[in-house]
Amino acid sequence: MYFASDNSSGAAPEIMAALAAANAGYAMPYGNDPIMERVRARIRDLFEAPEAAVYLVSTGTTANALALAILAQPWQAVFCHRLAHVEQDECGAPEFYTGGAKLLLIDGPDAKITPAALRDTVTATAQGGVHNIQRGPVTITNATEAGTVYSAAEVAALCAVAREFGLPVHMDGARFANALVADGSTPAEMTWKAGVDVLSFGGTKNGCLGVEAVVIFDPAKAWEFELRRKRGGHLFSKHRYLSAQMDAYLEGDLWLDLARRANDAAQALSQGILGLPGARLMHPTQANAVFAGWPRGGHRAAQEAGAKYYLWPFGQSLDGPGDAVLTARLVCSWSTTAEDVARFVAAVRGA
Amino acid sequence: MYFASDNSSGAAPEIMAALAAANAGYAMPYGNDPIMERVRARIRDLFEAPEAAVYLVSTGTTANALALAILAQPWQAVFCHRLAHVEQDECGAPEFYTGGAKLLLIDGPDAKITPAALRDTVTATAQGGVHNIQRGPVTITNATEAGTVYSAAEVAALCAVAREFGLPVHMDGARFANALVADGSTPAEMTWKAGVDVLSFGGTKNGCLGVEAVVIFDPAKAWEFELRRKRGGHLFSKHRYLSAQMDAYLEGDLWLDLARRANDAAQALSQGILGLPGARLMHPTQANAVFAGWPRGGHRAAQEAGAKYYLWPFGQSLDGPGDAVLTARLVCSWSTTAEDVARFVAAVRGA
Amino acid sequence: MYFASDNSSGAAPEIMAALAAANAGYAMPYGNDPIMERVRARIRDLFEAPEAAVYLVSTGTTANALALAILAQPWQAVFCHRLAHVEQDECGAPEFYTGGAKLLLIDGPDAKITPAALRDTVTATAQGGVHNIQRGPVTITNATEAGTVYSAAEVAALCAVAREFGLPVHMDGARFANALVADGSTPAEMTWKAGVDVLSFGGTKNGCLGVEAVVIFDPAKAWEFELRRKRGGHLFSKHRYLSAQMDAYLEGDLWLDLARRANDAAQALSQGILGLPGARLMHPTQANAVFAGWPRGGHRAAQEAGAKYYLWPFGQSLDGPGDAVLTARLVCSWSTTAEDVARFVAAVRGA
Amino acid sequence: MYFASDNSSGAAPEIMAALAAANAGYAMPYGNDPIMERVRARIRDLFEAPEAAVYLVSTGTTANALALAILAQPWQAVFCHRLAHVEQDECGAPEFYTGGAKLLLIDGPDAKITPAALRDTVTATAQGGVHNIQRGPVTITNATEAGTVYSAAEVAALCAVAREFGLPVHMDGARFANALVADGSTPAEMTWKAGVDVLSFGGTKNGCLGVEAVVIFDPAKAWEFELRRKRGGHLFSKHRYLSAQMDAYLEGDLWLDLARRANDAAQALSQGILGLPGARLMHPTQANAVFAGWPRGGHRAAQEAGAKYYLWPFGQSLDGPGDAVLTARLVCSWSTTAEDVARFVAAVRGA
């Protein structure tokens, strides 16, 4: 009953096995290992993007910050949702890597940006010429921080607005697999066919130890990316251990299977919670996280039964009348079992 | 016969086993895993430094750059040897993380700084007041990029000069284990007892997959380090996989055993090469790398036999008369075998 | 009838005379000129702050950015009003000089921050520990970008909130003289006695050619300021020309006289406009700028009569029915005459 | 007898008069004043460069740092002489504005880079690929920090080397007028015709209060320059006071006349010193500075007579035997008189 975060789960056995296999013998360092060649080919195939530049890094914050650094000049804005990970949870990594670009925040329900809101914000930016921060890239998180998903069509609509203004688009896909499984679109449809220029393609939260790919559909900035990665300390010498993770992740659609398990668990959990007296969802459950509220008594019961999760937003207290509704974030992962879900719902219900 | 780099070798089986063991179940992310608590305790014990702040990152460049960032202001100098990794091989990571500090280079034989040279360079710096880069930290690499080692007493002599000017000292210990084994001093003697403030304590080159500890002996800047690490994208969510490597590395003095194997192999290799006609050492062999020259014919023979290593410095050509001496760098690792060494020497001799 | 900006007016004759006088002979460069000694003494007297560090720079953006750079770490927030000059009009200079700090925006009527809004925003910041931007300095603009003024008591109330959280306070006083004249408080009451740590003390907009003082009430960071100023290219070699401006500005309360003229002109203009049919103020007129709306026909008449000012916000059109209300910003300066005001009002009324 | 620095002299009367004239009435701010239009046209004419982008800033450090910032990426080297102002006297401004580029130092007599030394240093850079700082712009100082001058042909030879490697060239012309007068070439011959891409065109040291032009011969990066200038706090609101200085500086070849006076004074001073017993030059006197040594007794006599100058390098002492030779830097300016020179030489001789 561990719903605190998808990064508290372990790595899938297939990933661990690949790591062990990759350990044999000597290998060229710094991304020149043969496994990386295979990873590059796999991702290009998967995304129908034979020219794409593909790099591996070890954290999602790094993938996002480096991707934005090749898209945004220091005097430009990065347009993002107010709840985006780049704004909320990276201690200013985008500002650090871009040399001080300014994140301009857009509101919107369920942590999603609407095309109209994007257009309004971009239009209002840089009206004062040289005195103002200039327009820069748009970054979209999919699946979102609220457990919701942009369809490929919604992504395309946002990219169309960006294109009106000549702005590039980044997708923070720390949970890209979860979004794709939810939407049913192909990797290409969800990214470059919709107009995405650079993708942070997550592995860590979805069953790897620590690996994210950055997929740059137009390779013109590939060398700049390599230099920024090195300069940021993110070029692994024993790179084969990143390669092996990503290789196994993609083998036989493991990545989609793992995401499907997580999404299915979240659906079951969401349904279970909705069946509880006094319960309600804060956001629709579309990927692997459930944002829901139910009476405080049920929270106390769940926690006594050993469930791990965060009240969300922070600052709510378990002390007080049992029928007051508290809200929570519950995150499922590839390793969440049907039994975990059932036990959790039963514990809350038993309150 | 793989002598190209110690980062081309794999991970020791004990490390791989620890990684597999750490994979079970859920764990708190971001360094709050229980293995990290043990690592912290181990390192404090090992260094006789109960107050030290201990953090893990995944690359040596990161360890160095973050360490320097908490020691150097953007308008300060970092004093280092001209051949230091921070100057030569990090694509400006120290400049990036410090916000533009200037590396001031000191020459010295065998990639080592002498106290006199350090004093001269520091004295000559910032004579012009606000117009000049100000004096900042000293960074020492041990073992050096030339395969030589500073004794604990030599480190203390350099730190004494730094202290005269009120400057902090960083040690780049990407090959700290190799230096320690060579010198026979304790971890404490080689670091804080000699006057070192912050240590990059390497694991990657010496049998891990990718982990370095940063040991900050005065914890006043620990929180700043944590923020800089996060902001740099170097805080692992599934941190247990870093912890597990370092934990196994320290268990039962594995780290020293691995370094001893590498150093011993280098000694054997050095002796073997010196026994060859026309051979000479460029630097004394004190750690796990051999810098030596021998006739070109021997290089051709070695490479035909499958040996992997770099001519050093770059730019020498295998084409030409066989008796002209070419120089090379040969790096041994924990996994270099006596047979590798013997085969290599035999191949060269057979030329 | 030039109301476009106070930086379109020239320099007061007393300032020009001082500049000419300062030109005689040789002078020590870089702030070591004897006039600067006198300026330092004058400002310390004026602010009853004998320990204050005092520096001159040539633009308001520089004064603000350097002041914030000594108060904010790169991973910290700068709390400011959404309409603050540092957010709206400096092309990211604060981000550049701080190394990427994040401006967190606070809304509030008439471009003023309320203590409650400040407390809410600060409280909501950095709840997630190392993952978040940390709390940093508060910056207050006085007079504001909306032509309003914080009283010394209002400043003190904001500083009290900042102090609850241990945060330093900067005041952007590009129009400090206008605020002081409006409020009737002393320089000390408006700044350090209220809790302000660093002041950007403007001269440029109020009758100088280009000079701003930065007054650092606690001189602990004075040397850091000097290094950052030099590194930013803002240390003048022929510094006497900055010193002379500021010296004359302070002599005989010229600075207050100039501001009084501007404020009085704005009051007269505000009253005149309010007497027009269909006119209204967008903000109370407290300093030297009037934000007002009146029918489009009046705008057309004013512009035909040669009046210079901006429709505010941007994006309104002079084309259309004459009775629709358009809003404008009209800025008075020390050189605005009663006749300018009368002619302007007459022109609008004549429409 | 003021030979400490050319930035200790005042402004030429023509410049002061232009400043006073420019003060009348209102003017558009931020470089949109009509005088700036004239300045732009003048500089384009003078340099036979009708497409050049022309901007004004107030200090030489700023001109250099902004120029390098549009030429160098953060991960690139800036190739310069070891004694260059950008390396020695700007407290890291180039590092700050470029985001951490690394200055790679080239030695050479009389503060001049030779084509061979440049080629050697460039060739040795970035041999290690992504691990290394990459090659970036070359910056040449003319006149140099040693009072010597590159001829237009020498500049062309250096630019030819830069072009071999595809590197852009910047000229630090803080004393451009002095170099031009010495060499007899045209502005175009000394810059773009020789291969210079961006020029820092100094006014401050040569009779202005504080103004430098940045001339960008290929305007592709003009907008980036404008944004960087604003972001650095270097866009003057009351810009007419910069424009007026530069306008008067160029009017009727005033700039060349002023430089000629300074160079002539330096020649006279150099000849006078060489006529003294025991005197010698450290560098040939080609522009407006004399680097010379003579017996200590003569230094004591000069200083007693009120002469101001620096012993150079720092660290020599006036105390000791009178016949030991001490070396000095003596800088002449537009305002140095023949009488100053004669009195100085007489004072030394009288010792």
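Chains here go by letter, A, B, C and D, matching the order in which they are written, and residues are numbered from 1 within each.
Convention: a contact is a pair of C-beta atoms (placed from the backbone, for glycine too) under 8 Å apart; a residue touches a chain by one contact, two chains touch by 3 or more.
The structure displayed is predicted, hence computed values, not measured ones.
Asks: Determine which of the two chain pairs, A-D or A-C, is joined by the larger number of C-beta pairs in contact.
Replies: Top pair by contacting C-beta pairs is A-C.
Asks: With chain centres set to the mean of the C-alpha atoms, which chain is at the far end from chain C?
Replies: B
Asks: Just give me the whole-number Å value for how far the CA centre of chain A lies from that of chain C.
Replies: 42
Asks: When the C-alpha atoms of chain A and chain D are each averaged to a single point, how far apart are the two points in Å?
Replies: The separation of the two C-alpha centroids amounts to 52 Å.
Asks: Could you list the positions in chain D whose residues touch two or more of the other chains?
Replies: 74-75, 90-92, 96, 99, 130-131, 134, 227, 230-231, 235
Asks: Going by the contact rule set out above, which residues of chain D touch chain A in the complex?
Replies: Result: residues 30, 73-75, 99, 130-131, 134, 224, 226-228, 230-231, 235 of chain D touch chain A.
Asks: Of all residues in chain D, which touch chain C in the complex?
Replies: Within the complex, chain D contacts chain C at residues 2, 5, 7-11, 16, 19-20, 23-29, 57-62, 65-66, 90-93, 96-97, 204-205, 209-210, 227, 230-238, 241, 308.
Asks: Which stretch or stretches of chain A touch chain C in the complex?
Replies: 74-75, 88-92, 95-96, 98-103, 127-128, 130-134, 314-315
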